[in-house]
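In what follows, structures are represented as structure tokens.
Shared between the two complexes below is chain A, which has chain B as its partner in the first and chain C in the second.
Moving on, here comes the complex of A and B:
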């Protein structure tokens, strides 16, 4: 078993402990590094499971991949040749190993609907989704966290009531309807925002691709006009996703905070004479950071995979739309490739929130 | 000389569905530079009375009093910002269980320095020295290590000593200790009590020692208030406890085992409705 040493520099920033006694901080770091090793192993297993599932789905789907390649009119001999060329005559376990090798090399095969390698398509559509989901989550965090904290601190007050209504609407409103109404109002009537799509036609392909995130790429290129255009296109769908993310994050923040505010250490902080602001943000809020990070990661993950409707309403060329179209066309390579990418992101988000948990919570073993 | 703290007719009410719940119903006492014990069964309003003095009863709870004076000045209905300046710097409190009353994600050192710096405005370095000095004062042998430790890394007895160090660092005149040893192992209780006693005595502070343990209070305190159902039913010097006149106090005493007068069966305390409202016995 591999147990990578991730400590880097133990006890960084602390003077060497006197008398050779390991300082509490160094001991903590070492303990955490060891547990990170186990974490990485369990993640590798999760990814293996993900590949296994997508592989099995690919095989049990009532879609003949060979037929999709050679077409309906191919002869039996052509069909057989293609089948052997695709490795489908080999035993299943060999096929799985081949599949794993291809995926690890970033090769998801060719999409029959776009004609491009799936990997190339994903490099185009995935950043579009990431850009949208990131901005949505950013809005959700920047508004939802303070809203939840204040709602808990003034439980039953008018801010709490407003937060409750905001979240309720967020939970119950159909997203495509809100999206269409938003487009109608802000684009159709007021003309404040750009319309559907990521960019206006004149800016399409004008900014050299570096990260694939147009906002970032246009900043790198120093192209302000392109940035403004991209922003005016993303602001509406991102606000919409941000609203849903906000509804969830504010509710979770509120309930985490209520739990902490009834804890005894909060009384201690008040006994010391701290202001209510310091009691709330300096004491109680620090204690909800860990579960809050998990909630934010989950919310981001669900925007990555679940923004299909938003992408369709706003003609956003993202991965949700890509997978949906591929599924309807029976384009299994594209579907499985997209699924592997989204699944891997989920696993990575889990890893990230786990690592942050270990870094932020002194009680983490 | 005016007392450190003077309280008259203190009341704490909570509105409930079935009307007002009166948690504290007219408590009064004067506190000098002494150790005042407050004894009573669980639910008798000891904690609420202590928190009311600190201005820490949260809404919807309501605090009223005829008088509440700290060093001759009224602290009743003081605006929150002025009350905050008194809290921690002039009156402080040690709570029951250090497992819950210390912030789990903050190092011990930071928690001690926080209140001290708030009230003295000292630099970080001075606050650190003070925190280490306080840790030594509560007889923690390895103060540098404990300074950097998190609360879950120390034992209960040490946690309570840290709590005492933290609350005494800004030099308050009055300390309310709310069952400070109830959550501790029997083996470390005496040690914590001794440290508390020594520090409070050396600083000439007033101590309000809340407990449900009559024996402990009798040994440890100068004067005792007996509380029952939100009221003081009796007040008397600790050494005269055996001569208590109130039937509740007598009942409490009789239900304790005694080495010098062994009995076949301990008496069971029988509460009477009349105790709830009768005027207190003893000095009043």
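Moving on, here comes the complex of A and C:
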């Protein structure tokens, strides 16, 4: 662990060497630009690979896409015409280039099961997933971070024990099962929350779409009844995802904090006579903010993915359910489009946390 | 254990290589045994293996025998955990399902780390463009959300237990490759590697004889900690209908069967979920204990 400075602030670290003149600064800028360039290049390569893998998966799929379009009773001539129209007669590398060009233009083809262009479908389902994952992450951060900090500060105490059990159970629980049990208890028996789906039937389509996030849209429209309804539907699946992200975030927070609390600057701060609260929140906690941001970004990414099973259980019309349904229907355009979008988000989140890390932490050089 | 064996094992000055090795193992066992939760995990897993091995003799009934007159019966003396929609005894199906679970976890835990070890050590040892290419491929696989990639693979290959195993293995190797590469990079320039090289050892020999053995212990810890995740992913695939196919008693698929009846007949979905939870909890406990033994620098608490 690199030593933080005495104030414990993640701000400017060591000042530039004597006579930090323009030339030194320019060299540093150039170095930073080059490392950023390398980052962008590796990102582009990763995205290319992502496309290649989805393309290969789409091609080895045992389902014949031509047959899906023309139907079982098409004549040989019709079949051939459709095949040529879909560009499937060209060599594979040409097909890949075509596919890449289309994806770059935001065209994922037409979904066979919904009949709409996949890009349009994705614009509809993606906000639903983002809404769910954001609320889940929010819960995870609001509960997980304080829990982790307190667990580290009172190491071995009862809060630490509880935090440990909470995390252990979270790591071991099948999320779809917990979702079913939650539905049974809070919807079936107690009737406290709305059932599966994103909205009650009467509110469906009543709120004009602005952002695609129903909670936000209903607030914009000033429709309190719709907001309450949407909230009662989202609260259970979001808490569920929140629990899983909490398990991860609280553990990571705890281990980051333990590392800081054993550092010498904490001893110094205590010797100086600072209150324990100032030592923990003012000094140690500020030093873990940067790695914590990375953890939160990763946790958000994994919720985008982890929501596949949750969305199925709660009939949540998000991207996970869209991909799964398309898979079962053999609708490859939809599957590949969805996979590319989720994969790209994943990569973007990683990149974002990487950049934040470099920007905020002077030690990361 | 007799006092002399104990003294022999704990000797500070082992006489032979074997004594030193056994002594180290025994020390590890003592550390592990001191962790009560890890012992509980180990006990559960031993029980699971025994149940799986003797499933046909333990299970009270045939897991495939349908009895529509007895369908959806709550837990009772005759059916301890109740019956499902086709009147099959849930306890018997859970007992037989333990075999499926162990098969999936065991196979994935065997394939994925081996791929990772191979890719990671070769990348770290060779360096240069080989490293670049292999790590780029690793990054691509890491960039995919695991479950969605596994879903796409199973869809391409067709649902079934073999393909589910393959999909899980293909999606879980990248972290092992990263780990093995990091270990290799720290080992690569060690003096003893240079010494072996001076004695004329070729790259293959260095890799297999000197680098792999040192990467294995950290990989084992990682595998033990990942086991629970593999179980949960496998159950997730089963739940989506892409893993083991009916009538095979796979736990995730059993939850999916019970989903339709959840509001009136809760036990059909609840019981298999409990089984999954207990087993993956046991793996997590075991993994924590193993980490303390094999990787003392990694967060003894």
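Just so it is clear, the second predicted complex is superposed on the first by the 329 of 365 C-alpha atoms of A that agree within 3 Å, B and C clash if a C-alpha of one lies under 4 Å from a C-alpha of the other, contacts with A are read in each partner's own complex, and residues count from 1 in each chain.
Quick note on the criterion: a contact is a pair of C-beta atoms (placed from the backbone, for glycine too) under 8 Å apart; a residue touches a chain by one contact, two chains touch by 3 or more.
Keep in mind that what you see is a predicted model, and the values were worked out from it rather than measured.
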Note to self: Just to be sure I read the superposition right, which of the two partners does A:46 touch: chain B = first, chain C = second, or both, or neither?
What the structure shows: second
Check: Is A:272 in contact with chain B, with chain C, with both, or with neither (first, second, both, neither)?
Finding: first
Next item on the list: Once the structures are superposed on A, label A:188 by its partner contacts, choosing first (chain B), second (chain C), both or neither.
Entry: second
Notebook entry, point to check: Once the shared chain is lined up, is A:335 touching chain B (first), chain C (second), both, or neither of them?
Noted result: second
Next item on the list: In the three-chain superposition, say which chain, chain B or chain C, touches more residues of chain A.
Entry: C
Margin query: Between chain B and chain C, whom does A:264 touch in the aligned arrangement: first, second, both, or neither?
Written below: first
Margin query: Between chain B and chain C, whom does A:94 touch in the aligned arrangement: first, second, both, or neither?
Written below: neither
Next item on the list: Check the residue A:35 against both partner chains and state whether it touches chain B (first), chain C (second), both, or neither.
Entry: neither
Next item on the list: Please write out, lowest number first, the residues of chain A touched by both chain B and chain C across the two complexes.
Entry: none
Check: Tell me, which parts of chain B touch chain A in their complex?
Finding: 51, 54, 56, 84-89, 92-93, 95-97, 100-107, 114-115, 118-119, 144-145, 148-150, 152-153, 163, 166-167
Next item on the list: Spell out the residues on chain C that touch chain A in their complex, using ranges where they run on.
Entry: 136-137, 139-141, 143-149, 151-153, 155-158, 228-229, 232, 235-236, 239-242, 252, 255, 258-259, 262-263, 266, 269-270, 272-273, 276-277, 280-281, 283-285, 299
Check: Across the complex, what residues on chain A touch chain B?
Finding: 18, 21, 23-25, 263-265, 267-275, 283, 286-287, 289, 360-363
Checklist line | Complex interface listing, chain A residues touching chain C | finding: 42, 45-47, 49-50, 53-54, 57-58, 60-62, 168-169, 171-178, 180-181, 183-184, 188, 255, 301-302, 304-306, 308-309, 312-313, 320, 323-324, 327-328, 330, 335-336, 338-339, 342-343, 346-347, 350
